[in-house]
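What follows is subunit A paired twice: with subunit B in the first complex and subunit C in the second.
Let's look at the complex of A and B:
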């Protein structure tokens, strides 16, 4: 790698970590935190899209993580670290249990199956009022604590979210560059080929699903403590749709595209704060335009421009 | 007890007929275009909005308003098909994301034009008919009767009309159909229009019974999903059987437990069917 690239990366990293301590705008920091959280979630969706299995259950899995963390802290009295850890573990565990059943199904049927599964999870949160608090959810979830510091400060919460998003990003990049990533690609393109080479396709699919579920679970654990409440409405299938939108807009082909998608789409609603309807309309129209004219997303567009430049 | 069971059956049948109208369009579009139409509920909503404008605002006769609403929704659907969906025919995942985008846009557009509040429409008929202790609201009975008439009409169209035959041919094998001189593009346009018209009709008919708002499409779409999976994606007889089944099961569970559990049961049914008979109760696997 060229020296300037390493230098640029370092500068970017320092800037990302340091800016909230200079720009003390709570609102801006909040938006940045959301970008990071959605980046992690969208990355977890990216894993599924890479193996060609679009999951509408990811909102529900994030919800499972959020409720796990909230209940472990509030009902069982464990500290945040345990609750947060378990949010990811349980997210992955649920995926491990349902994966072997759900992943047998492909294509549209998988989408519909995960959709139905998500709805069942959501309805369980709503119906089982004693444990999950029904439609209102659970209030007063303890804030995040790291080494005894309560993350009441917005900047510290942002740093935690940034660390999670960065962790997800580098993990995915490493995976996609490894042999595991190459096998994932064949799973989407030509599973028969992969299997004829002795690849246990189901095991790989399951591994991807579990990792993806764990990432969504961690995001849920963060969500619960950041907002200090959880309610079922936040985890319906539109939550999963949002993650798909981020992926489509940014470009599925690269984790950088996913980050780009989150960085553009999450702050977007703030431009239309006075008129929520216009914000949703714009969201829908942008998605239509991208699907119709830029199927490879922003990252694909950048790639095309670069490609043209290199041709000269 | 028997009376209660018959009452549940009647309630289930009334809801089931509406579900069937939603599900038939949904499954027709999938069978022919291989597109899962996540915007189907939005066409239901547009039908309700149209009938509200025509019937309560402009004062047109209710039945004429319902018919006009169906035509308006069909035209909107065909424009959307031509402009946005055609390139996604057969590309299931991307087509699905496109219909999601259309759903978001239509809902937001309706919210901007009509506002987010719930509005009510005067009922064209009122009162309750009592048949041997079984109570049936007259407005529901009217919806049921119109629904049955539409379903019969739809059946004869598919069975005997040239266009209906062509649609079935394209659903079976579009290449073979094209070799026979059928233009698949026209069939896509026609079937999407008909599918949307059915959804619009369902919305127009149910509008006086429930309230009207930009968000009313979501529940009927979920029901259409369930029905279509029960019956088999792309299967028309399956949509009829699935609709009746869902209507009756829901009415039963809702009477004895509650509606949340009724919805859970229906989704659990969907998971089981998808796992063990992904082609549905009536569908044939390809």
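Let's look at the complex of A and C:
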């Protein structure tokens, strides 16, 4: 059984890497790239949800990563590798600075504080025109380059996004299976108990927030070079709301659920694109149907089906 | 019997004549030409975005109703693929990629809006897809794009013409105060207005910025009135806010002229200011709404979307016709380079509102900006009345 699982995993990995070289449809590759980028972002949100803190600042942190990468390349003249690296570092650093203030508060107040932080970041992008280009943003961000190869080819951009999403997935899986993950769960279920056992709750929360911010920052760095354009509108609080929806739809309980959520939710508007005026309506209706019949997300549904089979 | 034989003979000869005629006439194959539109079709700004789509569709319906677009030996029935970008850059990229990759489109009208336009510009340039779009950002035409053309005028294109008209028709007025929103749009447009009024020989006696959420302008107006302006220029102030400023200024005793060059929106101005106070305000009018062609277009628009039609419709209607005429002259619907090379030679082109010309070299370093006639409106009895027209040159 284990060998079968390893084999299936290998086949899936090879298929995920190889398909863009056989299916020469750049639109599909673009959608797959978006799925991977949003999967990484949703995984970063999953970290926060696992400690019971819903952040509306993740769109802004992604924006910080995007602008960092763009400015490091365009204003300071550094190559993509440096810009991309710094997008994650700055995303994590900002989280490290604001974390001790925001994480002291929980529940709806944390949500409101992260919302306010996101708005401050967004207004800074808009009002500080000399640096961030105002509402028009920054145009002409250099494309990603790896070992001197410019990732103009959508398949290569997809591979980079896939590597990021896979990295995020395996990192979270490892964390959730470790002692760190167990403590994270305790922080959500019973923080007082964790504290009574000598756990420094704030340090753990901060570590999670920093890691989550760094992941969102990396996604932003990728976004800037993929679209070659950054503007404040892309990083508003709706970006964070979408990540929450992906988590809820896929299932917060497992990183696999998050990946499934991204794989369904990101291409979903494309299914309805031909409906033109009714695209948003159909998208909304589909979401309602999903949430109504899968309250625990796709991962929960799969779990239920498996449970029923075992009962038989 | 004889009669039957005669009938058969006649039918045979008739059939042969028809068959021969068909064989000898030039082959007129009929095919489908698919073009794309990208704009906001839902949510905020969709009243403008639908103008992109409907303008294109009205032009297409007109051509299809006449039997299609004849290019060389082939007649094309035109089909429009419309995708919504919701003014979002990522959506714009998805829509553009889908049009190019899935639908095989080589000619696109839109997007509308800077963020989406700037995000898709590199795609059009890299893929060699000819795009007739709109965006207020000057970056749209930066770096001499080869496939990106702007078909709507921005304030840059008409501010000097309207200010010149105001000076010519009001030679006694000299002092101008400018009020603009306190954001990038307002900062940029105020600079342009100050420059234009200065160049026309006016003296700028006051410049004020306000927060978009403001509703009380009494302190700003009092400060401005102390400088004795003859004209208060409302610039890119949103129409309803402009109406509030007009009302409050009139209540404070301002008797001079209001001018609003930055963007249309008479109904909202009148609603906020009231008919009496709004009377005489000079405004930029995107189109002559009283023109027969405009009213015909409104009727056609109502067959596609719910009214009211936005004036943006006219610009994309003209752009679509210009594109199709370029295809006909270039003799191809598959080679964007050839169509582009013809497109730039097609002006002056007779649009729905008058002659259109390519321009913009002075401001953008290229002539990728389509310029049409500028209309000057005046609010009269709560309605927009066209009182001046400056032709594109």
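Heads up, the rule we're going with is that the second predicted complex is superposed on the first by the 296 of 312 C-alpha atoms of A that agree within 3 Å, B and C clash if a C-alpha of one lies under 4 Å from a C-alpha of the other, contacts with A are read in each partner's own complex, and residues count from 1 in each chain.
In this text, a residue touches a chain if its C-beta (ideal position, glycine included) is under 8 Å from a C-beta of that chain, and two chains touch if they have at least 3 such contacts.
Quick caveat: nothing in here was measured; it's all calculated off a predicted structure.
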Checklist entry - Touching A:285, do we find subunit B (first), subunit C (second), both, or neither? => result first
Checklist entry - Touch check for A:120: first (subunit B), second (subunit C), both, or neither? => result first
Checklist entry - A:189 contacts which: subunit B (first), subunit C (second), both, neither? => result neither
Checklist entry - For A:139, is the partner it touches subunit B (first), subunit C (second), both, or none of the two (neither)? => result second
Next on the checklist: Taking the superposition on A as described, I'd like to know which of subunit B and subunit C A:112 touches: first, second, both or neither.
Outcome noted: first
Checklist entry - So, does A:248 touch the first partner subunit B, the second partner subunit C, both, or neither? => result first
Next on the checklist: On the A-aligned overlay, A:129 touches which partner chain: subunit B = first, subunit C = second, or both, or neither?
Outcome noted: second
Next on the checklist: Based on the A-chain superposition described above, do subunit B and subunit C contact any of the same residues on subunit A, and if so which?
Outcome noted: 126-127, 277, 280
Next on the checklist: Under the stated contact criterion, what part of subunit A meets subunit C in this complex?
Outcome noted: 25-28, 30-31, 34, 126-127, 129, 134-137, 139-140, 152, 227-229, 231, 233-234, 269-270, 273, 276-277, 279-280
Item to check | subunit A partner contacts - residues on subunit B that touch it in the complex | outcome: 30, 36, 84, 87, 92-94, 96-98, 100-109, 111-112, 116, 222, 225-226, 229, 233, 260-261, 263-264, 267-268, 270-271, 274-275, 278
Checklist outcome for this item: So, in the complex, the side of subunit C touching subunit A is made of residues 41-43, 82-84, 86-91, 93-95, 97-98, 100-102, 114-115, 118-119, 121-122, 126, 137, 139, 142-143, 183-185, 187
Item to check | In the complex with subunit B, residue positions of subunit A that touch it | outcome: 52, 54, 101, 104-105, 107-109, 111-113, 115-117, 119-120, 123-124, 126-127, 241, 244-245, 248, 277-278, 280-281, 283-285, 287-288, 291-292, 295
